[in-house]
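The following pair of complexes shares a single chain, chain A, combined with chain B in the former and chain C in the latter.
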Partner chain A sequence: MAVSTTASGGAGRANSPTRAVVLLTGPAYVWLTIAVLLPLLAMFYFSFLTEAPIAGRVGELTLEQYREFLEHGFYTTLILRSLKLGATVAFFCFLLGFPCAYVLAKTIKGRWREALFLLVIIPFWSNALVRVFSWTMVLRGNGLLERSIDFVIPGAGSLGLMFTYPAVVIGLVHSYLPYMILTCYISLQAIDDDLIEAARSLGAKRLTILRRLILPLAMPGIVAGAVLIFVPVIGSFMEPRILGGRHGTFIGTIIEDQFTAVFNWPLGAALSFILLACVLVIFALFAPVLKRAA
Partner chain B sequence: MNRYLTAASAALAIFAFTAAPSAADTIRVLNWQGYGTDEDWSLEMFEEKTGHKVEHEYFNSEQEMLTKLRTNPGTYDVVLINSAFTPQAAKEGLIVPIDTAKIPNAADLTPEMRNNPNLVIDGKTYGVAWVWGATSFAINTEKFDKAPETIEVLWSGDFADKVGWRDDAVEAVQMAAIALGQDINNPSDLDAIREKLHALKPQIRTFWTSENDWNQYMSSGEFDVAVYWSGSASRSANNFGLPVEFVVPKEGAIGWLDGLSVPKDAPNTDAAYEFINWMIDPEFYVKWDTDVGAPASANAKAMAGLPEDAFNRTVLGNSAVTSKLKFMGPIEDDMREKMLELWQETKTFYQK
Partner chain C sequence: MATVSVKGVSKLFGTFRALDDVSIEFDDGGFYGLLGPSGSGKTTLLRLIAGFEFPDMGAITIGGEAVERLPAEKRDVGMMFQSYALFPNMNVFDNVAFGLTVRKLPRSEIRTRVGEALELVELGGLETRRPHQLSGGQRQRVALARAIVFRPRVLLLDEPLSALDKALRTGMQIELKRIQREIGITTIFVTHDQEEALTLSDRVGVLRDGRLIQEGAPRDLYERPKSAFVATFLGDANLLEGIVEGAAIRLDEGPLVRTTAPLPAIGSRVTVAVRPERITVSPEAQTSGGEHNELGARVEEAIFAGNSLTYMLSRGGRKLRVFAQNTGSEPVSADTPVRLVWAASDTIVVEA
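== the complex of A and B ==
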């Protein structure tokens, strides 16, 4: 940084755009390097050690952690399970979020839009743990949901949602829905209303407009939302643990166990990087589709 | 102006006199939340007696406690360690030997507890025996006509999807080992244990992680029978009025002994000793068990001070019960890893 500023300072005004770029983006990149890359590199190094070199312990270099993964089939099972969870949550976020974003972007104007936006964003202002625990009150046996249903249809019986896979999906969809709404909203708003008018005047039906015009044009937002949701969901551990109970074991909870319950940081780190590799492979495979969409 | 100064210095002087019966320190205690050391009334009494203030930090598993000791040296003055982990903590140099001569109440400890081989290593006391108890299971008495005699009730189809379990590898393996009559610290047949734990699949409602969790699940009817700790069971019954009964089945139960230790580089060792002395004081223990509910004390005098009908005298004071306990000892690292892997594999099996 210091070098580049003096260099551009000597070159005078001609270089000032470079200088501006360095000055404006520099702090962010320095911060990212320190806050993201360094800890990540340390974890990557840990994943090749026999034990975490903390408090006077010395770890030796080894591939044992990665072999551990290959030796036990259940880690793979759990990664697949987490990937499936990520896809499911992203899909339901799209199903619920896209219509909502469409209405916000195209139908509602003015003050109502602000009010509705607030409703979308408010959950973001609350603590994630509080949100999940409030879901336990709703979903548990004889909880708010079952009592409300029983009020409408007496004797409807128990749903038994708590501590199931659907409970985890419900909690996660609620947590991540705003991402989908916001990204879809931005790309939907950018669609010129005249385009839709034109299609309509040429006799296109509503479904055709949606399928051939709006969905393709909104694809960058949908893809961005899906990626933003998919990645954190496959590593999630809090929601599955609290809402999933016995059905809440995913690769995220296993990694958390390695760090907090048994102090096996190397294995936890190795599993994290294997998961990261899986994500990268998936994105590489879908790169052509993603590129076209974006 | 002058008047204000005089008033201020007078106030300072008063403050200095009242706050200093001896050298007043603030000590940091590392423990499970709600586990005796952090009772408000006790801390007030302790501060009155010694002038020391007590702050707390909590952990949710023994491994987390060890992690905290490793990563924050010189932070804590007193740490609660399950005696099964004391040898490991001592070997790693996380805790230092205690001068029991400076802890007068230590003389009243039951000799078997005080000299437990996990606490006294090479003749040095690394942990002062504090309380002990059993890990077994508790039942909702409204769902049972009479208390079951066997641990097999956890595997009984009558309670499918109504069993509470703790997400802890060692405890899970040890409970299965008891059901199968194996050594809990070094089980001989892990495959049989794996099969036994797999058989729990239709039984387990969910995993609980804290006493608070357990009470909520039990009171909302999610659990009919759940793995639990004896001291916690008496608390659930006494404090929260839950219809709960602790069961030590004929197969036996896991016995444990908790000790109080002083971490390496503790900032206030003398105050730490005074606190440990207070923790094994009969005055503290009797009030703790009577008002709140506690595990059994390692101090014989404290146990003798309990009312005749106290849980700790009727259930744990009974030698027929104590003879069924299988005490937790240190577990070899590779055995612990095998237990964890077995448990994780089992949890994955539960998903299918």
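== the complex of A and C ==
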């Protein structure tokens, strides 16, 4: 009797970790299934229809949307343009964000660090649309930027930045910079100061230490930041539309058009899944590099 | 190799005086131990010699060259960190080779010298391992190889053995001493472990509150500490207070204690120290007298530790301690009145 109770008690204890895992992760997975997977599946289904089955209309199964993509080369051109935009924005975020993260993690201590962190995070708290429109005030002809330049160098002339590719990059870099700073900060902070001092005592100059020690050790953070930025930038439509104007046509804006202006949901859905496939292929190709870096 | 000299060095952190007018000459090829409790400034002194900090006052020279304003990367000083600070993104070979690759030595020479260094620390064959695949002792050897492979003028060791367990530590002490002698490099190391300082060093400097309070050969420091602090920090000591009376000291409790050490003027207050291992616990009074000192005490506890015995004793309100070898005889049991006997030459007079 006593033996059987202990045995069942032991079994109960052995099971409880599994139950805890299910109880703790279950809600998140249920939510993800309902909120992400089901709509995505619906969209995937739409992409094979002639028209979206809403408001009583009936779509028929077809591959026409995917044929549309293959027949018109400009969709591919736009995807490549968006990939280039993603890479450019990620690169500039690294260029600006890494030094900032380094200073935050290694040079500044205590209260000042918190204050500067706040400055990094504040853009996150403001509304994205407001942020982008505030850039139009800065970048437009005779805007804040041009007037300040004109104040320093009178008669410098117009930069003509508004509604250009650089304007889109500027707006996107501003929006996504905090991701890079935060991920780099985390990996830089984990680097022991002793390592840097050890390298110095061995005769290494700053640049050598950066190249051989800090960059390799911070690589997981840099890669994480770049991925976090690259993916949403490829599909972005708001910044390109508002800041790029005529030059702001990317795959993201075309997809948005299909849903909001042209009401061709099946084509929008098909283009979305083609873009998703492109991203997955890129990550698959770079997987060995990413794995080593992380 | 080179001599290192520190002259009148002071270092402030805000208003905290980490080092206060410290001067030490480190002999060429010598093994110098900086000993002190935490906060005594010993690590600060090491970091000043390494070039991670600059002194607020004073001069530091290496091989006669003034270096106190030279940054660490230009000092040619090898340092082994307490945390070992091995580069986690490099294997053992690249870690050791680091100091040579930044000096842009030819690849073949790097290969030879790294091989020699790893041979010296007995780690040949582990070149391709990553630091996280090594044991604590192995990591330490890699750190040591890395610090000496570029033939620095000075080797600095920050608490070199504190991260190892006791068994490994004793082995590494002998190793470290052998390697240091083999390459003949001027070595300065920091420790808070008095036994480590005494075992490894040719000379020991004791620091307290940013000041050098005594230095000398390990035996000198142990046999002739100048202060109660040094007497108790280096080893163990029973401290007794009294007043100089002729050629002896009259203890506050009454008895007279003889010494062979020079004494200050008659009537001055002094503290004397007696090492616990120099005292014999005797059940009866010794009649021979003469050059011996004798005090009555009561055994409170006899602690058995295998090869030795520690007697905890009391005399009046004072606690005393005696170490005895385990010679096989029955230990004196608790609550027994005994006589403590030691030679006059074992009475150390420290400052009052």
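The definition used in the following text is that the second predicted complex is superposed on the first by the 283 of 294 C-alpha atoms of A that agree within 3 Å, B and C clash if a C-alpha of one lies under 4 Å from a C-alpha of the other, contacts with A are read in each partner's own complex, and residues count from 1 in each chain.
Note that in this section a contact is a pair of C-beta atoms (placed from the backbone, for glycine too) under 8 Å apart; a residue touches a chain by one contact, two chains touch by 3 or more.
These figures come from a predicted structure and were not determined experimentally.
Student: Using the superposition on chain A, tell me whether chain B and chain C clash or fit.
Tutor: With chain A as the common anchor, chain B and chain C both fit in the superposed model.
Student: Angle at the Cα centre of chain A spanned by the Cα centres of chain C and chain B: state it in steps of 10 degrees.
Tutor: The C-alpha centres give an angle of about 150 degrees at chain A.
Student: Just chain B (first), just chain C (second), both, or neither: which does A:142 touch?
Tutor: Only chain B; A:142 stays clear of chain C.
Student: Once the shared chain is lined up, is A:99 touching chain B (first), chain C (second), both, or neither of them?
Tutor: A:99: touches no partner chain.
Student: Touch test for A:74: chain B only (first), chain C only (second), both, or neither?
Tutor: Once the two structures are laid over each other on A, A:74 reaches chain B alone.
Student: Go through the superposed model and pick first if A:192 touches only chain B, second if only chain C, both, or neither.
Tutor: second
Student: Pick one for A:246: touches chain B only (first), chain C only (second), both, or neither.
Tutor: Once the two structures are laid over each other on A, A:246 reaches chain B alone.
Student: Counting residues of chain A touched by each partner, does chain B or chain C come out ahead?
Tutor: If we count touched residues of chain A for both partners, the winner is B.
Student: Pick out the closest CA atoms of chain B and chain C after fitting on chain A and give their distance in Å.
Tutor: Chain B and chain C, overlaid via chain A, are at closest 44 Å apart by C-alpha.
Student: What residues of chain B sit close enough to touch chain A in their complex?
Tutor: Contacts found on chain B: 60-61, 63-64, 66-67, 70-71, 73, 92-94, 165, 168-169, 204-207, 220-222, 336-337, 340-341, 344-345, 347-351.
Student: Note which residues of chain C are touching chain A in the complex, please.
Tutor: Result: residues 50-52, 71-79, 81, 83, 85, 87-89, 98-99, 102-103, 146-147, 150, 156 of chain C touch chain A.
Student: For a test of understanding, state which residues of chain A touch chain B in their complex under the given definition.
Tutor: Answer in residue numbers: 54-56, 72, 74, 77-78, 81, 140-142, 162-163, 245-247, 249, 254, 257, 260-264.
Student: Where on chain A does chain C make contact in their complex?
Tutor: Against chain C, the touching part of chain A is residues 192, 194-195, 197-205, 208, 212-213, 216-217.
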